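I've put the structures underneath this note.
Same chain, two partners: chain A is paired with chain B first, then with chain C.
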Partner chain A sequence: MQSIIETLLIGLSNGAVYALISLALVLVWRSTRVVNFAQAGQAMIATYVGFEIASRSQVFWLAVLFAIVAGALIGAGVDYFFMRVLFKHATEGPAAVVAPVIATLGLLGVIRAVVGLIWSSEYRLIEPPVSRNGYTIGETTIPFSPLNTLIIVTVCIVLIVISIIFRRTNLGLALRASAYAPEIAQLAGVRTAQTRTIGWAIAGGIGGIAGMLVSSENYLSPYSLDLLLVFGFIAAVIGGLESMVGAVVGALLLGVLLSLVLNVFGTSATFTSAFLILILVLLFKPDGIVASRKGRRA
Partner chain B sequence: MESLLQGRGAVRKRLLFFILLGWALLIVGDRVSNVRLFQGAEIAMFTIALASIVLLTGYSGQVSLGSGAIMAVGGYAAALTITNLQTPIWFAFLMAVLVSATFGAVLGAAAARLSGPYLAGTTLALAVGVPALANQFNFLGGEQGIFFDVGFPPERFGSDFSQDKWFFWISSFLALVSIFITSNILKSRFGRTWQAIRANSLAAELAGIHANRMKILAFTLSSALAGLAGAVLGMNLSLVAPGAYPLSLSFALVTGAVLAGISSLPGVMLGAVILVAIPEIADLVAGGLGDSEKVTTHLPGLIVSVLLIISVIFTPNGPGENIRRILHKKSAH
Partner chain C sequence: MSGLVVTRLNVSHGAIHALHGISFSVEPGQLAAVIGSNGAGKTTLLRTLSGLKDASSGTAQWDGREILGVKPEDLVRRGISHVSEGKSVIPELTVKENLVLGGIWRGNKADTADAIDEVVELFPRLGERMTQSADTLSGGERQMLAIGRALVSRPKLLLLDEPSLGLAPLVIEQIFQTIDSLRHKLGLTVVLVEQNAMSALQIADIGVIINLGEVVATGKASDLINDPALRAAYLGY
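== the complex of A and B ==
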């Protein structure tokens, strides 16, 4: 039985990683009205790129940089070469509503298979710059490690950078405008299509960081990020799927709750309770805990 | 009730067709090898599973990415019944249908309130999580799973009646019965009501349809079919384990349904044949590429997903619709 503070800290560290994925999902959802199930796949390719760099150069941060760039390029590519084509073709008939969802699912499948073909299903591990072993206080070792500290600090930096981009720059203004009122933004001279692609790139880059952080704590395999996608989605729904603040708050909350559940009931209850949280939020607070002005539009 | 549903003649004609189809399968089953029989049983299993997606997505307009999870529920229900209670085979399948239908009804009650992406995400979470649950509880047998033994074929069929043929018979029989029932439901008032809800749920409500109630019904029936398919899958493998119901199974099913035309019930058999053929084709290609373990594991997934993307972009409503449109254009000129 850990002390309550250790449990909370571990929960925050896990929640910080969920926050990145749920932020990426929310960014894409706001601009494109698609929950991008391929987000985990994109993050996975970026992470494998990072893994290659890390194992050659032994420099963790260089690898993270490459993962961010790779993730951003893939994100932009997916929007430019894939989503645009999709929206041109699948516009009518009984399948039009489900087509985007199914298409991102197909993309996830392609990415999983391609990653498997290139890197095989072997488990890999990215060596972090700091220790994975917990801090030792006096004579007891607690589960919270320097790596967890690193994760929390990194995520904080990412969140600060993102909020500066969105609040203080013209790009951020354009991103927000084309998400909330695409037609008005277009009339005001914003190139909404290009802005959307940039939004996808930012989401992809964030996904790359998330993948690197998770895979330096746990093993990396073509399937290792599935659960991250699910938890990121649940976090985004807790936050209302529209709000970036909501996504982060939802993720931290989910991380702490799951950490508490893990501590009290053991691993078998983790997924069940995550699913239960999702269902409860959807039934009783479908707009999320952070109320957005418009509510959900889908 | 009968007159409310549809004309008796139509039902009789369909019944006759299915009996003839069953008879044809019986004859074919006597003339092919055991490998083909096994694949035939797989096709029958996929046919049932795809029918469940056509009913749910094609008719009532709800997306489910979690068919694999519901199949797992059905499979485990049947296997636990037959292992612990030593019941006859038919009872195990009945339990699979009942348990998964109950599961589906509970899930459907939540799902009926959700729109597109929320429902897709929730069911995806199911597909990732439910098979993994088996690892956590002892009575579910963990990663190794539990045996699903329906026993040897009855002795009156003779000694050269193979196990594969027995599986083929059971699977085909269940597929025929469930497709017959499903096609009648889809052609009935219920089918039309679901289509109305999918097209415009507000207008449907104004016309006096309880949209939520009908959506839950669709989810329940679809889960019953998926659960049956899961039990058939378990029987064919003689085992139910988390590995038998992976996330890629759910992906493959969505692909099969989209390929065959998501609102076309006759298409499901074609979709099922394609799904069974893909690993065969992948094996051939992998053999040409040097037969490494990497290629054989991941190539089928690649083919399935590429097919899914191509079909969802170019023929989102099934190839039938595109052919109709081309014919229509030609006749207009």
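== the complex of A and C ==
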């Protein structure tokens, strides 16, 4: 049994990465009303690009930069070449609601297959700039490592940058306005379609960072980010799916809860309890834990 | 003639024919009141002119150039601002953010700040509530904010959809006074859609009365007010 503090720290480190994916899902959901399951696939390609750069240059942060750019380009591309066309054809009725979600699931499958063809299903590992081995305090080595610290710090920086973009810049204002009230935004002169594509790009870039962080802790394969997608989605639902703050809070909460479960009941229980948490939230707090009266804040 | 010229405009909602051959023109600097009862097609007319809705046929020109088929965000760049029905503000944003939104497209922060100052001068109550969310405003304040946001875009043609809707009589009077002084001060051309016929015609130069999607009368606002037949049939007073 590890100490409660260690469990919490590990939970925070995991939750921090879930927060990135959760945030990316919320960003896309708010602007496009699509739960983008292809997010995991987009992040995967970005991470493989990062892996290639990392193994050639041995410079982790250069690789992260490439993963961000690749993720952003892929995100923008999916919206521009895929979603826009889809929305043009499915405008009314149940098809308009279901088609985009099914399409993102299909896209995830396609991306996985293509990634498998290019990079094979071999396990890869990205070398982080700091040690994966836990800190040693006196005689004992704890599971929390310098890499975990790096993950938490990186995610904090990403969150600060994102909140500055959304709170303090005109781009952020346009992104929020387009998500809340596209028609009024248009009437105010905002190019909402372009703004939405930028939103997808930001989500894609965030996904790239998440992929890089996870894949420097665990192996990268065409399936390795699926779990991240599941946990990110559950975290987004805990946060109410509308709120960016909720996405982050939900993710940290989920990370800590799952870390506790893992510590008490072992690996086999984590996946089940993640879904149990999802069901409980949907049953008792369907608007999420931080949803405001109107369900659309921050 | 430049200004706004609408010719034989037809618009349909699916199978329903909403506007039939609407024609009227508004000279630069004029205020046109478009009067009609609920469902007459007034809102559809404005939504078509601002690019939110597609026309099935006809033309509409502003400043000598066609505006039908142009996106709303591009029409804003050509000087057309539309304050849509029901106090078009974004409740999740602050008052200030709602105002700034109208200026983003110009990419000139200093001028946007100036335009916001002018709006605050016009509506001092907005100035006191800059950092509050628009959600907390009263109905009248929301309407002021919606008009203010449109003004920050520095329009030449202002399309106003029922600014009096759901407001108390005193507030309505205040809003109409503001619209009147505003358009003289800024030299705005205004298309004002209203059910509140009397108040609208009183500040208007010309009136366009529509019923069931057709223009039934146009003319000088003062003539329309005094026409007994129109008063009985459409103006309801």
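For the reader, a short list of remarks on this structure follows.
One rule holds in what follows: the second predicted complex is superposed on the first by the 287 of 298 C-alpha atoms of A that agree within 3 Å, B and C clash if a C-alpha of one lies under 4 Å from a C-alpha of the other, contacts with A are read in each partner's own complex, and residues count from 1 in each chain.
Criterion: a contact is a pair of C-beta atoms (placed from the backbone, for glycine too) under 8 Å apart; a residue touches a chain by one contact, two chains touch by 3 or more.
These numbers come from a predicted model, not from an experiment.
Of the two partner chains, neither chain B nor chain C is touched by A:L276. Of the two partner chains placed around the shared chain by superposition, neither chain B nor chain C is touched by A:V153.
Set against each other, chain B and chain C touch different numbers of residues in chain A, with B touching more. By the document's definition of touching, of the two partners only chain B reaches A:L227; chain C does not.
Using the contact criterion defined above for the overlaid structures, shared-chain residue A:I164 touches neither chain B nor chain C, since it reaches no partner. Touch criterion not met for A:V264: it reaches neither chain B nor chain C. Across the superposed pair, chain B and chain C both touch chain A at residues 296. Listed in rising order, the residues of chain B touching chain A in the complex are 57-58, 61, 63, 65, 110, 113-118, 120-122, 124-126, 128-129, 132-133, 136-137, 198, 247-248, 251, 254-255, 258, 262-263, 293-295, 297-299, 301-302, 304-306, 308-309, 312-314, 316-318, 321. Residues 170, 173-174, 176-177, 180-181, 183-192, 294, 296-297 of chain A are the ones touching chain C in the complex.
Only residues 29, 34-35, 37, 85-86, 89-90, 93-99, 101-103, 105-110, 112-114, 116-117, 120-121, 222-223, 226-227, 229-230, 233-234, 237, 241, 267-268, 271-272, 274-275, 278-279, 282-283, 286, 296, 298 of chain A touch chain B when the two sit together in their complex.
Across the interface of their complex, chain A is touched by residues 50, 52, 71-73, 76-77, 81-84, 88-93, 97, 100-102, 104-106, 109, 135, 149-150, 153 of chain C.
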